[in-house]
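The same subunit A turns up in both complexes below, where it pairs with subunit B and then with subunit C.
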Partner chain A sequence: MKRGKYTHWLFIIPALLFVLIFVYIPILQSFYFSLFRMNSYSPETIFVGLRHYRDIFDDPIFYTALKNNTWYAVISVLCQVGIGLVLAIILESKFIGRSRKLFRNIYFLPSVISVTAVGLMWYFIYNPNIGLINSLIRWGGAKDFSFAWLGQPKTAIFAIIAMSQWQYVGYIMMLLIVAIQKIPVELYDAAEIDGAGEVKKALFVTIPQVKEMLLVTSVITVIGSFKLFTEVFVTTRGGPYDTTQVLGTYMYRHAFFFDAMGYASAVAIIIFVITFVASLLQIKLSTRN
Partner chain B sequence: MKKILTGFFVLSLLLTLFSGMVAAEVQLKFLHRWTQEPYYSFFEEVAADFEKLNPNVKVDVQAISNDPFKEKIKIILGTEQGPDVFFSWPGEFTNRFIRAGQVYDLTDVMEQGWKDDFVYSQLEPFIYNGKIYGSPFRLDAKVFVYNTKIFQEVGVAIPETFEDLLRVCAELKQAGITPIAFGNQAPWAVSHYIGTLNQKCVPDQIRLTDIQPEKGTFTHPGYVEALKKYQQLVPYFNQNANAIKHDEARINLFNGKAAMMYLEIVEIPEIERSAPEEFKANYGIFKFPVIEDGMGDQDYLTGYPEGFVVSANTKHPAEAIAFLKYLTGKEVGKKEAQELGFINGIKNVVDKGEVKDSIYDSTQIILEAKSLVNWLDSSLHAKIWSVYGPELQKLTDNMTTPEKIMQQIVKTAERVRSEF
Partner chain C sequence: MSQKNSEQFIRTCLLLILSLLVIAIVLPMGWIVLSSLKNNNEFFSTPLKLPGRLLYVNYQNAWNLGLSQYFINSVLVSGVSIALTIVFGSACAYGLTRFYFKGQTVLFYLILGGLLLSPQVAVLPLYRMLNQFGIYNTYWAMILPYVAFRLPFAIFLIRSYFISFPRELEESAYIDGCNALTTFTRIVLPISKPILASTAIVTGIFVWNEFLFALIFIENKSLMTIPIGLSTFRDALTTDYTTMLAGIVIGSLPIMILYLAMQRSFIKGLTAGSVKG
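Let's turn to the complex of A and B:
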């Protein structure tokens, strides 16, 4: 068969069409919808231009949501990637011995449970009256202790963030373990000959060697942080009084509770821009080296 | 081999024939909001009974639970596969669908005699701009349910006025008992308090104008007064009201951990079904006390019926209306009263003695009320409630003031008016 000038297009087109129809066109469509006042059950639409964007930037709850997402991203990168790395190094080091597999499974297990189930479980753990945490504190001496971890605006979002750390630290750990296992043994042998101990080996061999994976996991956690939805939805639904609202629930609330589909589309576009810029930045950073 | 093939051929032929027969039937989609038992089975039975009476109709029953229903119904109505008959709360919740042309106008069929079956006060909520759009399925109103034993032990009487209520609460609190159980994680719970207080503090004509999204201003000082009254109640609620679900708070009432709770009459069957014997033998109800200097009518009762409507997009209006008529009619109403403890909107649907006295008597309170006041959350425009709800939760935690809240509501109402 003779190879034509355009044959390669034949191979690309199916995938291209797929991505176009299911990714790029909906994004453009969302932007188009964001220019209208509309709801899901009425055919009536009113053109409002960029008014929704102005309203969003005027809405204090939008900034609460943005702040919560940012907290989530910062804490997740520190905890999941940070602690995940420490755990991975410990589990791949010599002194853990035979129980390595057991611990690996113990840490990994939470990440395979559905988020909804985890959310419900933690909802009960945090319950002010019957919850595990308050029961422990009461058992420890504070007899009348009753603190609503998910009901107090100061603690609620952090209670949700803590829950996610518990769930995903094992997942990130697993990715890093795979990366560590790929490091050539010779490097460690050489370090040992140079007199490096376990800590120095971790600092000067392991971490530089898994740098790429660290970057990938950071990208995953940051983007995940801005797409956050289920964790908040099953525990607080954005309450008390919108203090745990994140961009995802903020969008949902406007779309399906306040009958403002156009407004919600505008929020969707903003979420898209944020995650897009975040991943661009991170890709840029990773290719520079 | 040949036999098998022939068998297969005959089977597939039969299947085709059969499916053709099914297609000739009328398929009705029916959507309600009771996913728990015994309610879910009740609707299945009603649908099955209707199918027996109308062999050409098949009713496909689906349910979505209360809070998600409010969100999902909006999506479902926008699709081609929407339900033919569906649940809805009368008032602004339904009116928005009526404005969008999604609800079938029942006025003509109602005028042919059907209308006279109902207690008019219970049908009235389904009227919008002079037309009838739905049929009531169960009556409801808000009352205080209290623990008679605790009241006796502390030595307090049923409060007649709001000042009395505060005094009773203070005495209960002094005796070391939580006066009022309150679970406000979903803010519809606080909306019931504020709905009642608004009605009692604001002149009725002004309040009824304000709930119309195209006219509402919310500038009357009675609204601030209502929130101030609510603030006086807050110290008597259990701790962490915003973190507790309504049902959790109700369990505390059942277990004697609180003296009273502002409940719906439709929750009385739930008391009869699942409260401990101890509580069942020692509870009573009283209406929200009057506010002596309140500018609204003090004889009104907060509470509205719930019901079903027919979709304007239904392909089988005759069958859908027939099903609605059956579902909210006398026969099903009797079964509903006896099995679920709910009373529907039909005149004299049950006589005294046919159901538990507690259910019969509490229903009389609704039927005797001078007028009913719709739930605040379903009577307000979605955008106004979107501000009101969270702000009321803040007020419950003492994080804002009545004046600040009403300033925001006035501003939001102004925006909503400008969009009409």
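Let's turn to the complex of A and C:
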């Protein structure tokens, strides 16, 4: 066999360089930048230590953002994983015949569309005057109904969250369907011999068997919730009155509107800590067996 | 007999629930498509009625107002990103699985660790770095970070496939005089087509739909990809809503068609990763 002592490096190095230069180094730089006051006009940077972190924790908008990300995470786990599981069980049950493939594809379809397109679609659907939702309500009888779903501080963030449920419930369902299909048939046969009906089979075979996948999908959903950016950016840009700010848009605003790169980097590090811990948890869960 | 009846009853109920959900999914999309075929007057005065005459001209307008350029950019950026991810990803997976050397596992985990790091955390330093490299506001400003952020997952996927197939074929290729590179390109890559297809699809969806990097690393309208282009439509076409809707439809169709055509590879890639946008 002809292979040099260092041949393997020829294969590995290009990818390794990519990941080091464009993934690892920037993230280390984020830590570093967060300790400085810096802007794009002057090359001058001033060391401020942990002051940005203190300022962030003193900023009420930061807590609005954190609260919105948390709402998004809680509702998404309940809706996407909860409804996703029920749908997966129904579609894999004996009640649904050949039509299961059709249902599956329709539910999954929104998750392949870009968040931008979905956001713009719902921007119209939520429009107080011509939007689909208010038009349907008016058609149903409430003649003068014109509620600004995305324009009212109380409802705006929930309108955005609802849109995401519409987009992603089918995705989580698909992950769970794949997990259900891997369950050995013998388990169901045994349950049937014991006289279990469909509901009991779901409760005592399916759910325990996909428990790991339920945890994994929950963690993915939580991670996704703290990476939130596009959904908010294309619909409300954080408004009205900052009530729909999330950590991602909060970071963007400080970086590009207030030109406070150091402060924004500190926000990035807070996002990093939250998503990193959750990702570790995901890897731990998905490699447990 | 009664059991059969009750089963029939449950089936009907379930189908009813599933169908209601189909309406909830399809109605918003259908409304957008129908509205995109109306003129603005119709859209404003009768948002729930079917269009009187189908105005395909909205699609032409959206296309000519810049979408054609965004489309070309998206195809180009996605194509190059997919190609680089596949080439570097499969080479790296090969190096990690077919050679034995010290620190191999550490190296694999180092690359895999990239999966834990979210693009948002890197975006600001990347913005400065791309400026320093002089590639800010070029296609490469999107492509290079895209490839870097997709490689860990690509390597993870391809590596697990390489591990799963027997090495005898490669051994005989060596005996026939192939070296490491020709074995890789003539034997290993052709057998791995299914996993390479899944990797390409997952990378493609990510790049086609990506928003944050494209928003921050590109300034020129002529370089924008579809997601950014569409969001600038929103600001530019504040009165011409239906053209904007046509743009949304054009931007979303390619991926939907791709999904319906290649469901199997699609689902394999998406579920293997369990990573959301």
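The working rule: the second predicted complex is superposed on the first by the 253 of 289 C-alpha atoms of A that agree within 3 Å, B and C clash if a C-alpha of one lies under 4 Å from a C-alpha of the other, contacts with A are read in each partner's own complex, and residues count from 1 in each chain.
Here is the rule we go by: contacts are C-beta pairs under 8 Å (C-beta built on N, C-alpha and C of every residue); 3 or more make two chains touch, one makes a residue touch a chain.
The structure presented is a predicted model; accordingly, all values stated were derived computationally and were not measured.
Would you sort A:F158 into first (subunit B), second (subunit C), both or neither based on which partner it touches?
neither
Name the contact category of A:F62: first (subunit B only), second (subunit C only), both, or neither.
So A:F62 meets neither subunit B nor subunit C here.
Using the touch definition from the top, say if A:W71 reaches subunit B (first), subunit C (second), both or neither.
Touch status of A:W71: no partner.
Mind working out whether A:A148 is in touch with subunit B, subunit C, both or neither, as first, second, both or neither?
In the superposed model, A:A148 contacts subunit B only, not subunit C.
In the superposed arrangement, does A:D259 touch subunit B (first), subunit C (second), both or neither?
It touches subunit B, and subunit C stays clear.
Of subunit B and subunit C, which one touches more of subunit A's residues?
The partner that reaches more residues of subunit A in the superposed model: C.
Which positions of subunit A sit in both the subunit B and the subunit C interface?
Overlap of subunit B and subunit C footprints on subunit A: residues 129, 256.
Subunit A touches which residues of subunit B in the complex?
On the subunit B side, the touching residues are 70-72, 74-75, 77-78, 96-97, 99-102, 185-187, 239-240, 242-244, 248, 382-383, 386, 390-391, 393-394, 397, 399, 419.
Name, in rising order, each residue of subunit A that touches subunit C in their complex.
Counting only subunit A, the residues touching subunit C are 1-3, 7-12, 14-16, 18-19, 21-27, 29-30, 33, 87, 90-91, 93, 95-96, 99, 103, 105-110, 112-117, 120-125, 129-132, 135-136, 139, 166, 168, 170-171, 174-175, 178, 216-217, 220-221, 223-224, 227, 229-230, 233-234, 248, 251, 255-256, 261, 264-265, 268-269, 271-272, 275-276, 279-280, 282-283, 286.
Which bits of subunit A are touching subunit B when the two form their complex?
Counting only subunit A, the residues touching subunit B are 37, 39-44, 128-129, 146-148, 150-153, 237, 239-242, 253, 256-260.
Would you pull the subunit C residues touching subunit A in the complex into a rising list?
Subunit C reaches subunit A through residues 7, 10-11, 14-15, 17-18, 21-22, 24-29, 31-32, 35, 43-44, 47-48, 88-89, 91-92, 94-96, 98-99, 101, 107, 110-111, 114-126, 128-129, 144-145, 147-149, 151-152, 155, 174, 179-180, 184, 205, 208-209, 211-212, 215-216, 226-228, 230-231, 234, 241, 244-245, 248, 251-252, 255-256, 258-260, 263, 266-267, 270-271, 274-277.
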